[in-house]
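I am attaching a structure below and will ask some questions about it afterwards.
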Amino acid sequence: MAVSDLFVAFCFLLGGAAAFFTAFHPNILYAAISLIGSLVAVAGLYGALGADFLAAAQLIIYVGGILIVILFAVMMSEDIYKRRFFEGAKKYFLPALAAAITFAGLVKITLSADWSGATKPDFEPTSRAMGWALVGPYALVFQYVVVVLLSGLIGAVIIARPALKMKKIDEDLERLGED
Amino acid sequence: MSLAEFLSGINQLLGTGIPMALFSILSAVIVLLLFAMPVGGFCTYLERKVAADFQERIGPNRVGPIGLLQFFADGIKMFLKEDSISKNADRWIYNFAPSLVMAGSFGAFAAVPFSAYIIGADLDIGVFYAMALGSLVSLGVLLGAWSSDNKWSLIGGMRGAAQIVSYEIPLGLSVLSIITVCGSMSLHQLVAQQAWPTPGGEGHFWNVFHNPFLFVNFFIYFTAALAECNRTPFDLPEAESELVSGFNTEFSGMRFGLYALSEFADVILFACIATAIFLGGWHVPFFNLQSLDIGLSVGELDLNPLVQSVLMIGVFLFKVSVLVFVVMWLRWTLPRLRVDQLMNLCWKYLIPISFFNLIGAAVWTWAFGGRSLLQLLGQVLGVS
Amino acid sequence: MLGFGGLKLRSRCLLGFNFFQRHRVVTLETYGRNSGMLQEFGNALSFVLLAAILPPLILFIGKFFRPSFPHEGKLTTYECGELPEGSAYVMFNNRFYLVAIVFLVFDVEVALLFPVLLLFREAIDIGGNTAAQVFALAFAFLGVLFIGLVYEWKTGDIDWVRDAEDRRKHLETLEKAPQ
C-alpha cells in the first residue's frame, strides 16, 4: 500500500470522526472545534487528488475564516460553554431525517454516475487552469460571487447594527443617569 | 527541486537505496530542527541583546562568549520547569492549541526557498500555501487563550484572532500585487525572476524596485506581517503592561517556551517570505550567483551547485536577519497602538492603499509588458 | 482542461501515485528537475506533521525530567494575585464578530483573485484583448467589494469605537445646550 493511499484513508477516518463529534458532542464549543478535523481532512483529500490550490483555499477560507467566525459566535454567546445540548432523542429526529435523505441522494448520484472516464489524478499545477476557467466559461459565476459577497458584507453590518445601537442607547441612558 | 531530492541525489551517489518518503521527513527535520528551532531560539537571545543595546545596558553575557549560548540555557531551564496547568483550564484544547500554532508557523517553512536548489517543498502555490498555514496560527492563539479560563488570556486571544485575521487582507493584497507582476505563485520561480537584469535575460531585479507600487506594497507587507506576528507596535494580544502576558498567561514552562518559539519562528518566516518575494531572495545586485562557475568537480560530481548553495543561503539569511533586526528595532522605537487605532490602520489605510497599489501594479505590468524600472532604465540608456 | 485559451502546462516528470517506490536516479547533475507534485505534497505534509507533533513530543519527553508538585494555590487561575472572580467565559464585545465576518468576505475575495491575477502576465503575452478581459474581470470583482468597504466606512460600521465617538458628540451637544 502506498503512502498516499494510507494518507487518503487517514483523511477519511479523521473527517468522519470529526464530523461525528461535531454532530453529537454535547458541548457546542467542542462541536465547533471538531470541525477543524473535518475541514483539514477535506483539504487533505483535495491534496491527495492533486488539487493544490483548492487544498490551500480550503485552509484559508474554511479553517482561517469560517471556523474563526463560528468560534467567535460560540464564544460570544452567553453561558453557552456550560449549557448542554443533549436532551432527548427528539431533537435528532428531523436533522437525522434530512441527513438520511441527503445521504441517499448522494449515494444515488454516486452509483448512477458514469465513472468510466475517471482517471487517477495527474498531479499538475491546477491554479492556472482554475484561473482560465474563472475568466472564461465561469466569468459570470465569478462576478456573481462578488455580488453574494457584497450582500453578505452589507447584511452583516446591518444585522449587527441594532445590537450595537441598543448598547449605545443603554450606555447613554446610564451616563445621563449619572449626570 | 526540493531539499528531499537534493538529499536523495547525494544518496544516489553513495549508492544506498533509501525510500524517498524518508528524505521528505529528513528534509523537514533538517529545516525545522536544525534551522527554524535553533534560529528561533537564538532570536530570543538576539532580542535581549538588541534591547540591551538600545537601552545602553550590557544584556545577557554570562553563558558562553558574549552570552551567545544564553538561549540554550533558557531552553534547558524551560524544559525542566514544572508544567502547571490551571485546574479550570480546558485540558483538551489547552494541550491541542500549541500544536496548531506550531503547525502554522513551522509548517510554512516548507515553502521557504533558501537557495536555488534548497527548498522544503517546491510547491506551485508556494506563497498561497504559506498564507494558508498562517491561518492556523490565529486559530491556535484563540483556542489556547479560551482554554485557559483566564480573563487576561481571553482578552488577548480575542484581540489576537481579530488582529491576525484583519491584517491578512492587506498582506494578501500585497502578495497579490507580486503575483500580478510576476505571474507565478511558486516561491522558487518568484525568486528566479528577480535576478540582475542582463541583455536578453529573464530577470528584472528585486521586486521591491520593480515599480513604485510594489515599493509601497513592500512596506504594507512588512506592517501587516508585524501585526500577524503580534510584534510591537501591534503586540496587543500580549500587551504585558495591561494583560499580564496576554493569550499565553496561563502557559508555563515549556508550553510557554513553545509559544514564544513559534512566535519568533513566525517573525523569521515572514522575514523569509518578504525576502523571497520582495527582496530578491538569494539574488545580489550586478551578478547572478547561479552563473558562478568554480570549475571544480569530484569525480562525476559537479561541485558548482554546492558552492552556489552556500553563497545563496548566506545572502538569503543576511537579508532575513536584516529584516529581523528591523523588527526588533521597532519594538524599542514605536509605542503600542490602541485597538481602535489598530483596526483603523488596517481597514482605512492599509487596505485602500494596497487596493490602489494592486491596480497600479497591474497597469504598470500591462503598460510596460512586465518590465521593471531598472530594465526600462537600461533600455533608455541603451545598456540592454 | 487544456481547452482554455493559452493554457500552458509545464511538463514535469511524474513520480506517479506510488509514494514509496524507489526514486529514479537523481545525481547532482540533474538539479532543477522536478520529480512531481505528489512528492512536493509529501514534503510539505512531512513539515506540517513534524511541526504538529513537536509540542506533544517535547512535553512528553519533558515529563520524565521536570518536577511536579501541584498545589491548590498554583492551580488557580492567575488574576494578579487576587482570588479569581468568576469565570472568564463572559459575553464579549461583538465588534470582534463583525470584524471576523467582514474579514471572511475579503478573505474569500483575495483567495479567488489569486488564480485570476496569476494569469495576468500570461494574458499580456497572449495579446489581443485577453489581458483586457482578465483585467476587467479581476478589477470589477475588486471594485464591487471596495464599494462595500466605502459604504461601511461612510456609515461608520468599521469604526471600532463608534459608540464612544457618538457619546463624545452627544456629550458635547449636552454641554453646549443651555442648562
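Labels for the chains are A, B and C, by order of writing; each one numbers its residues from 1.
Just so we're on the same page, a residue touches a chain if its C-beta (ideal position, glycine included) is under 8 Å from a C-beta of that chain, and two chains touch if they have at least 3 such contacts.
Just so we're clear, the structure is a prediction, and the values are computed from it rather than from any experiment.
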item	value
By mean Cα position, the chain sitting nearest the middle	C
Chains linked by the largest number of contacting C-beta pairs	B-C
Distance between the centres, which are taken as Cα means, of chain B and chain A, whole angstrom	28
Where chain A and chain C are represented by their mean Cα positions, the distance between them in whole Å	15
Set of chain B residues in contact with two or more other chains	21, 100, 123-124, 128-129, 133, 158, 161, 165, 168, 185
Two or more partner chains touched - positions in chain A	3, 52-53, 57, 60, 64-65, 68, 72, 75, 125, 127
Chain C, residues touching no fewer than two other chains	15, 19-21, 37, 41-42, 45, 89, 92, 96, 100, 102-103, 107, 111, 114, 117-119, 122, 138, 149, 158
Parts of chain A lying in touch with chain C, wherever the complex brings them together	2-5, 7, 47-48, 50, 52-53, 57, 60-61, 64-66, 68-69, 72-73, 75-79, 81-82, 120-125, 127-137, 139, 142-143, 145-147, 149-150, 152-154, 156-157, 160-161, 163-164, 167-168, 171-172, 175, 179
Of chain A, residues touching chain B in the complex	3, 29-30, 33, 36, 52-53, 55-57, 59-60, 63-65, 67-68, 71-72, 75, 125, 127
Of all residues in chain B, those that touch chain A in their complex	21, 92-93, 100, 123-125, 128-129, 131-136, 138-139, 142-143, 146, 158, 161, 165, 168, 185
Complex contact set, residues of chain C against chain B	15, 19-23, 25-35, 37, 39-56, 58-59, 62-63, 65-70, 74-80, 84, 87-89, 92-93, 96, 99-100, 102-103, 106-107, 110-111, 113-114, 117-122, 124, 131, 135, 138-139, 142, 146, 149, 153, 158-161
Footprint of chain A on chain C - complex, ascending	1, 4-5, 7-10, 12, 14-15, 17-21, 36-38, 41-42, 45, 89-92, 94-98, 100-105, 107-109, 111-112, 114-119, 122, 133-134, 137-138, 140-141, 144-145, 147-149, 151-152, 155, 157-158, 162-163, 166-167, 170, 174
